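In the two complexes below, chain A is the common chain; its partner is chain B in one and chain C in the other.
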Partner chain A sequence: MSTLAAAAAATNVAAAGAARTRGWRRYRARTFYLFASPWIAGFVLLTLTPVVYALIVSFTNYDGASAKWRFIGIRNYVELFTASPAVWESMMRTVAYTAVVVPLSVAGGLFLALLVNERIRARGVVRAIFFVPSVVPIVATAIMWRLIFSKDAGLLNGIVQVFGGQKVTWLADPYVIYALIVMSLWGLGGGMIISLAALQDVPQELTEAARLDGAGRLRVLRSVVVPLISPVLYFQVITGIIATLQMLVQPMLLAESSGKLSSAMVPESTTLFMVHVYNEFFYNNRFGYGSAMLWVFFVVILLFTVIMQRVSRRVVFYQNDVEDREDEK
Partner chain B sequence: MTHLAESPMGTATTPPTTTLALRAPAPKARRRTSSSPGDRPSVGIYIMIVIAIAIFGIPFIWIVLTALATPQQLNDGVSGLLDLSSPVWSNFIDAVTKVDYLSYGANSLFLSIMTAVLTTFSSATVGFAFARLRAPGKNALFLLVVSTMMIPAMATLIPTYVLFARLGLVGTYWPWVLWGLAGAPFFIFLFRQFFSAVPRELEDAAIMDGAGWIRSYFLVFLPLARPALLTVFLLSFTGAWGDYLAPALLLNMDNTTLAVATTSMYADPRGNPLVPLQSAGAIIYMLPVIIVFLFGQRYFMSSAMGSSVKG
Partner chain C sequence: MSNPTRLRAGLAAGALAAAGALVLSGCTAGGSGTPGVTTVTVMYATSEFTKEQVEAFEADNPDIKIDFVEFDTNRLNAMMTAGDPPDLVRGKPSANLFARELATPLDDYIAESDVIKEDDLLPVNDLWRWNGTERGSGSLYGLVKDFSPDTTFWQNEALFTQAGVEPLSTTEPASWDDILTKGEALKAAGIELPIGIEWQWGIGGLLQEMVEQQGEQIFSEDLTEANLTSPEAIRAIQWLIDYGKLGIGPTSLNPLAAGQDGPAFTGGEMAASMDGYWFAGQFTAEEAANVAATASLAPAPTWGERISAVNGGVGAWIPEASDDKDAAWRVMEYFIGGQPAIDRAKSGWGLPALESLWEYLPTEQPYQQQAAELAKAEVEFVVPLQDSPYISIDQWNPELDKGVQSGILGEKTAKEIGQEVQDRMNTLLAQGKDQLG
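== the complex of A and B ==
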């Protein structure tokens, strides 16, 4: 039935007059905007407006509550760039943390993917064990790792004591940053799944040919497999960097406290940039200053994204190519 | 120098690969996923897998031990927790009765289902438009969709909170309604790919049978998209279920979700945390998500995670 109708469609379209085609096009365009309107409205109201609002607030001394606020020009930005080493410390801390966590989690995810791509027993179960931590809600993840790192009842200190060491207060400076890194890496199963999907698309002929030529496993991995799956690894690096730069909840939940959202109790070594922003907003009630910090952050992310897009154009394949081909029909 | 020493797994038990590769290819047409058809994984690989399983599994074991402990066992530290002689199963009952767990659970459930339904339907509709319709400005808009995937969501949440506070929306579920209605860029992207793959003949047939775009969307495309719809529904459901920051910022203590309640409600009148009860509560809280992903693992892997990045 569909072939018949398609044939009829082809004839009809060919026979249709120019005026009708124009009307058809207009109808189609109207439908497009009707269908896309939820997202367009959402973008304007829920993304653009808050961001622009933050820009306006960043030039004021608004404290979030009082009606008496006034424009203070660029004073927030001046303070941020010149008078506040804490801003740069938290920024650098975030960059360093990202530089450690993202490569480790992408490489670790690839390593696990290679392991579970082998024809091992109970492969499905093993994959699930590696994958599940990445979907556990962050609240439960933080509770679990606080139990592991807890000073008195924690597993880690239990092990330390078995080897004759003293109990360590893991969830305070300077060790808490390691706890945060471990907790983040625990979720690398998400990357594993993505890498695994890519690995399964690597043509076996290629790896076999390389092996015939005498390449060892490591060599096949380095020279054949990794280049072939590089777009997927690259994707993970980009999304990983963006996610890690804006990390906020994890340090707050890992800090030992049971109250509601007490970012002020986050130890210094895990006060990442967004935690600092959060402090300025909700602890110091400096909405103007916090907004200025957010805007600097937006610009940094934007610059980063633009640079990465430039770099990635050769590596990453977006669907646009397919669409262009389709449009030519 | 042999390939044995170069094995990434660092073991010397792999058989010589050349002979294996020279062996006739496997008779099965199905493509194997292993690196080499005849290779059996070596002992070294199993050792590494066991170590990794231990690392990834220990937090789960530890939280279960804690959830079954008495306060005394918790005070005794590791030796107390490893003493399995008297597991306190009633901790799980206390965890749901000592705090208003069911009511928070109902809040979580309502909020997650509502968000997921709205997000799924809205993202599908927008994704369909980008996949199947043409209009001036469409490519620019799609670039915007892709770019918003890069915008730090966490960072926009704080100004959104400030704005919603001024609009009087804090303490209500309206923000979730709005977020749901707007759809999510990543899901729009997924649906766009899904709908792009539908053969053009089907669309032409529907149109020529007299259906407009709207009818062919509802009667032809949407029913076809059932697997994608289910995937996105479950992903956005678990996303909303696990979200902590938005409910913490935007809701009050009486209408907040399990995520916030589990973090902050388990304390005795003097404010000391009730760790075993909190652990039990956290286990119950995370179980739905784990179950969903365990049953859908293969499915998610092929339909969502894989296709979204492989392009």
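== the complex of A and C ==
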């Protein structure tokens, strides 16, 4: 075979190989998109379209029902940044509430996890008792707490009176914010389960080695356990922040408004940002302005998440990073 | 020449289309799936429009099926926003609703109706009239189901006597100041719940009535600005603050667990409740017999002109975007003027909005007879309060409530509250005006 013929044959083989690879890639891509298509369709129809629609609506004065609406440019955004102190007050209130609830939830969940990680009798039952509140529907939880905090028929005031105290109106300003915080912390059993799974993944030889080196329980927890489970704690912090910033139903359910879900009667201290948004949509019929509020909030949460992500690189310990560094050596 | 395969396919498609058209032609716009039957979606409260009433209507009207949806403001908003509203809706009359062109004018239907006639409509239905600029005159956009002069007071005379306090007159209106004085006296005598004003249901209408009784208005002539800094408005705000500070009844800072006065009054714990005629419907329960025996209805208090407000005027309206307004009107005729209306009148749960139905009001018990007589006298003073199309009472009620709360807590004066709420209302009014163009 001449050199040219051999080269041609080699080229043909190579071309056939490349074609097979392309075909395989195309097949894999098609299969991927085929199986992912329900989710992609759902994302486009139920997430992307409403989000884009909300962006368009934010440039209008649409009231949600009437045909009387028009484009008003960026006026909703201008008003948001210049003429609505109530918006920023509710946002700051929400941030403050988040700053209290999220650390307490994560720390509380970790504390419970450490507790139920101990070898105690009826450990499964104890775990279940702590976990159950986190799976109770929020409406039932709210009804329960309303019964506890109710001024006239509430359990809490009953206890207060037993000790000679006066009845307190827990579900109105200024106390209702405490009631909301307590209700929010009621579900920290969910965090407990996640932290518990992480705790059980901590290699015992590391904690035992630290003990042999003379570290006490607290020191082991601080220097060994917490760094090892820090990705899980970080996950709880980030999802907790996002969920708490977007909290809507709980303050509405806790408000004493003839038993109906009413955002307008939510006391001021629990008028969180999303409650304010809800008011603009459904009480003031300002769908355009409400959409602008949501878009600004979306950007704020996004920025917050990005910052948290950056900060987390310094404080969260990822096993993969260590292995990658060792591979590089 | 056409391809035979294509031709067959085209014919098959045409046949399918024709069959589909035939099936669809059996239904009207409402659609029910059954040929010749239309579906009317009714959004009302089950306690007011009962399952039995739905079944009775469907039995008498086999061409209409009712798809009943429990009334819920959020759901209504969602349905309206989606462009698929119910065909008949529970609602309160509101200039804002009319100005947004969401409701259908009913004048033509009434002109041709054998059930609901123009000359049978009591003036309270004027709450549903809108002439393009103000409420109270013009076309009718809904009908009142039943009503009460809402600021009349039911009183348990036995509790007054027990406390050594003279009950309110059942013929002459008291002054609002008298209400506070009696509340204080009752409280001093050990009555824990002297006077209820259903604060949780909103104090905006009450404040407006107090202001109009003094000859002043909440809104400017063109309804674009609010005035809560007039001496009349400040006086009304101060009354609400004093009521809260005296602790003579529930407020939003100190609400009842039940969310309304009813159980406290019928349970014999509350001496008087500002609830209007409809409240008597609760007295027929066996456990309320003792209270009913000593109950009486007192006229709406006043501060000058005798105006008796109807803050509710709850009734029904047909959305402009309804699929089948004719069928919806037939349901409305039945509900507002048919057997359900007669049954309601007989029950004592509210006054009929049609004059012809007043003969059915219950009068067997002394309290029923007294209340019916007072109601007949009181309706003379029922006039629609001013209502701006650029804001709804549901919008400014919470603003006022929060303002008055700060007054009760001693954080602000009535004047400061008036100024703050007025500023907020003016902002909302400007937004509403901008929306309506």
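The rule is simple: the second predicted complex is superposed on the first by the 287 of 329 C-alpha atoms of A that agree within 3 Å, B and C clash if a C-alpha of one lies under 4 Å from a C-alpha of the other, contacts with A are read in each partner's own complex, and residues count from 1 in each chain.
By our rule, contacts are C-beta pairs under 8 Å (C-beta built on N, C-alpha and C of every residue); 3 or more make two chains touch, one makes a residue touch a chain.
From a predicted model like this one, the values you see are computed outputs, not experimental measurements.
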Looking at A:152 after the superposition, I want to know if it touches chain B, chain C, both of them or none. Which is it: first, second, both, neither?
both
Inset, instruction - Look at A:283 in the shared chain and tell me whether it touches chain B only, chain C only, both, or neither; answer first, second, both or neither. - result: second
(message) I'd like to know which partner A:172 touches here: chain B for first, chain C for second, both or neither.
(response) second
Once the shared chain is lined up, is A:135 touching chain B (first), chain C (second), both, or neither of them? first
Open item on the list: For A:49 in the superposed arrangement: first (chain B), second (chain C), both or neither?
Closed with: first
Q.
With both complexes overlaid on chain A, does A:68 touch chain B (first), chain C (second), both or neither?
A. second
Q.
Per the contact definition in the header, classify A:242: touching chain B only (first), chain C only (second), both, or neither.
A. first
Max touched-residue count on chain A (chain B vs chain C) belongs to chain B
*Regarding the shared-chain residue A:231, is it in contact with chain B (first), chain C (second), both, or neither?*
first
| task | Once the structures are superposed on A, label A:268 by its partner contacts, choosing first (chain B), second (chain C), both or neither. | result | second
Going through chain A, the residues touched by chain B and also by chain C turn out to be 64, 152-153, 258-259, 261, 281, 287
The answer for chain A against chain C in the complex is residues 61, 63-70, 150-153, 169, 171-173, 256-259, 261, 264-265, 268, 281-287, 289
Counting only contacts in the complex, chain C reaches chain A at residues 73-74, 77, 80-81, 85, 100-102, 200-201, 252-257, 259-260, 394-395, 397-398, 401-402, 405, 409, 428, 431, 434-437
